[in-house]
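In structure tokens below, several structures.
You will see subunit A twice below: alongside subunit B first, and alongside subunit C after that.
Showing the complex of A and B:
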């Protein structure tokens, strides 16, 4: 499975990853339309910042997935083969239990349509996740892990 | 106090494109932007803008345009906007006007008045893509005559350094530039087979592995110097002067002397690092000779010793003395050479252009029969590969580049290095800003620059039917002047175009 890692030493805290994440998960995927005409989706990546230190955080695909344990609808589960945490929006009932239990703060409520949880899906429509590809300082990278 | 200065730049924001993401606000280190939550708009403090263009480049919707200010005084050829602004600044502060980078005045740029020759009919040009081209450069003293023992050519007795291309990175100290910038220069020089110069701010231990690509400086402040410092490097440079500010020293403010810089420079944390204007042990050529030989002793005669001076009016005579004092390499730093901080009046008015100084020094050393005693490195004002080619044809063995390397790292020559707030993370020690240079990207950008220039120099060689840079050294017949007066052609030692 793919995992995104951050290089804290070169993350410049510009938060463009958050912007590009919103655009990628929007209806139009047009940056100006997303912010001017649509309700932007929540960003599935968040820049944590303390003083000069910063890094971008998204779903870590925890080995102990509290979100999956807590999900009352069976919408979040761990792929047994790869360990990837998968979220099925079709089953999600928007109870936000996962949002509460996520120890990383990496799941957000998406209130645009049917209430579903939003978390990093590694941009399945792209070769590389938007945040990784568009980071201006190459502070994010993808590793393929077993 | 109310300032009478007009904003230098206008900021035009296309509100139809701005998405209030506040990237501009986060990226600006000069406090230009703010966010008005009540109206969901970005607000500007134009008077703070230095046109570094960091916000423009990072803006994800291209909503920003930073342009020359439309605020204007009545046009006047004598009392220009710059002249008026400088006077107002001095009236408000009573201080010396500081600036960064090199002289920005429109003094005649001789590179732009020199044209290069090409082969036609009588000597064939060479296609560098199909035939080998030699850019390898050796710096150091060359023997007066070849020594042959039993029919075999003997290696010269003098230490030398070998470069894969005649382009090196000029002295920029850790302190003047950020660690990531310094590391990028070191790595790029190492990867490309050329040299970078540590400047006078010491040499961090963890970068000693790049010793084969490192020139260390011994300047008037003598920061970070010990025996290992000299012996881990490939060459030692005595810095007497710097093109941007001939005759004056340096001052790294205490707030920039972090723990790591304090370790590297061997001075207490937070203390000002002051480089005196002169070396207090060098008041004559004889004194210089003593330091050169002290350094040769310290390095067991294994490292070439270079001496760097600013290009000043009597540079040829001084250079002659330096060669006789034992310098293996002479570095001339011209009027347009850059700096982290210098008094504006000095930067813009002191020294002479490198083109003239270089030609004059080369001519003088040739006339005196000592040209082979030292290599000549031109520095300060080299902008592109053709400048390198012209410098070599005027007599240089190699060149140092500083500003072009910084531009490759992101610099936009906004001249605010002295503020320590470089928004591109280059001339700053602020940990929030210095992260903006990613050493991996920086190293790649710098090696790309060296590669591109080297390829272009090969093209220039090829069109002239020359397959080795060695054949261009001091080959002034490759050059012709255009728009130059007789005295200029004579100093440059070249003929006019058409002659």
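Showing the complex of A and C:
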């Protein structure tokens, strides 16, 4: 399955990946509209920074997905064929149990309404995830692994 | 009388039972499985029954797994059957059809058994309990029954302001004119809050028209001339009208099936739970238990205790299933941990809610308008967490708690907006980048 990793030595903490993630998961997918007219969704990737060191992380699509095990609504499951973790916002009730049990801190409350959890879905409508394709430093890359 | 034999028999069709099927099938595609429930329904998300009552989740939204789940996992469902006469020597249990299955009887034999019978409402003896319009709120049927009678309810009263009581009151507030919660403790949600986060939740309830009465309880229930609940009398003499009374004082382990069978049960002040090891096996070989009926390891206190929480039931069942199918696993994943949202106020908590007495404990608090965060540390290891209003990245703290990571070098950042992996020691940071491959 696909997993996104970061090259810390070239990540400059510009957070453009967060911007493009928000645009990709917005209603209009228009960068100006998203930030000027809409309420932007939470970014599914987070860039942390202290001085020169930075750290980018999104859903790890864990082989043992605590979020799916803890979900009280049956809204999170592991795709048997790909191993990908899938979240069904239609079943999500926004109880935030996954936000608490994801020890990566990689699931975010999307409070735009309906209030549901948000996490990296690897951009199913794109050939390559937005954060990976649009990082100016090619600091994010996709790995195919178990 | 037919006597079928299964490799795996599961009693309970909720989180624990489903987790067990999924655990077994990860290791064993062939072994035969049966799953039994006295409820006649396809597996449903029990914590969502208050959402069904309110109407923001429909009946289909209650399904915990897709409708083809049993077929896909090759598990025979026996739904609408009460299990009784468990014989651990003959390794058999009899099933009696109820809920439309009346008259059907079966005896099932098994190699291995999971007991995931859940909890039953605790209802103290009181006069008037037999009146119409009084109900617990732990099953789909109870939720549907309340929904049906809402037309004649102007005043609803919820006794008990724990998780079930508060979620019920929240749901009722959207569909009933007046809702009152009555709680014996000095704050609502006491098992999952401290006084500050409880007050934030109380504000959310009061702001949405729910009245909260603390430090009191019901001493008398009175009915009308048609046998329906009409009013209650509180300890101090106040009389409150109510056409609906929901009893949500607490839930106790449902262990009737195990009593007298030789399966070890430890009594506690809130009822006896089935004893298990960390592999979820009871005192009898090949018989496992999980969820609200059983004890579980608490990774904060290190002891075995009742942890009647949905995620604990699922993971306990899953680990039981893996062990039954021959893949050794232990369950040290759970603690007192909860997440909930009231009227748009998110709240999570884990471990200790109040700083324990004794040396070595330290509290770090961050309080702002509408939000609150607190960690309790013991020798620099997080042993308690409360977040309300803003719960983003709560899981980072839970991970540090479970893995007993010393926060010595980064405790000053713990509750900062930008707190994250970047503050943590390299080995912790490296681990965060990798997917989780072992339940621990």
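Annotations
Following the convention adopted for this analysis, the second predicted complex is superposed on the first by the 143 of 146 C-alpha atoms of A that agree within 3 Å, B and C clash if a C-alpha of one lies under 4 Å from a C-alpha of the other, contacts with A are read in each partner's own complex, and residues count from 1 in each chain.
Here is the rule we use: contacts are C-beta pairs under 8 Å (C-beta built on N, C-alpha and C of every residue); 3 or more make two chains touch, one makes a residue touch a chain.
All values derive from a computational prediction rather than experimental measurement.
For the composite obtained by overlaying on subunit A, subunit B and subunit C can both be accommodated side by side without a clash. Taking Cα centres throughout, subunit A sits at the apex of an angle toward subunit B and subunit C that amounts to 150 degrees, reported as a multiple of 10. By the touch criterion defined above, A:37 reaches neither subunit B nor subunit C. Of the two partner chains, subunit B is the only one that A:137 touches; subunit C does not reach it. Of the two partner chains placed by superposition, A:79 touches none, neither subunit B nor subunit C.
In the overlay built on the shared chain, the residue A:109 is in contact with subunit C alone; subunit B does not reach it. Contacts of A:48 after superposition: subunit C is touched, whereas subunit B is not reached. With both structures placed on the common chain, the touch criterion links A:88 to neither subunit B nor subunit C. Looking at the superposed arrangement, the partner reaching more residues of subunit A, out of subunit B and subunit C, is C.
Once the two complexes are overlaid on the shared chain, A:9 sits against subunit B while remaining clear of subunit C. Contact with subunit C, but none with subunit B, is seen for A:101 once the two complexes are overlaid on the shared chain. Following the chain A superposition, subunit B and subunit C show a smallest Cα-Cα distance of 14 angstrom. Of the residues of subunit A, not a single one touches subunit B in one of the two structures and subunit C in the other.
Across the interface of their complex, subunit B is touched by residues 7, 9-16, 19-20, 31-32, 34-36, 51-52, 136-139 of subunit A.
Residues of subunit B touching subunit A in their complex: 16-17, 19-23, 26-27, 58, 60-61, 180, 425, 430-432, 435-436, 438-441.
Across the interface of their complex, subunit A is touched by residues 15, 19, 45, 47-48, 51, 56-57, 61, 63-65, 310-311, 314-315, 318, 333, 337-341, 344, 346, 348, 350, 391-396, 398-399, 402, 418, 420-423, 429, 432-439 of subunit C. Remark: subunit A residues 3, 5-6, 42, 46, 48-50, 53-55, 57, 60-66, 69-70, 72-74, 90-91, 93-97, 99-109, 111, 115 touch subunit C in the complex.
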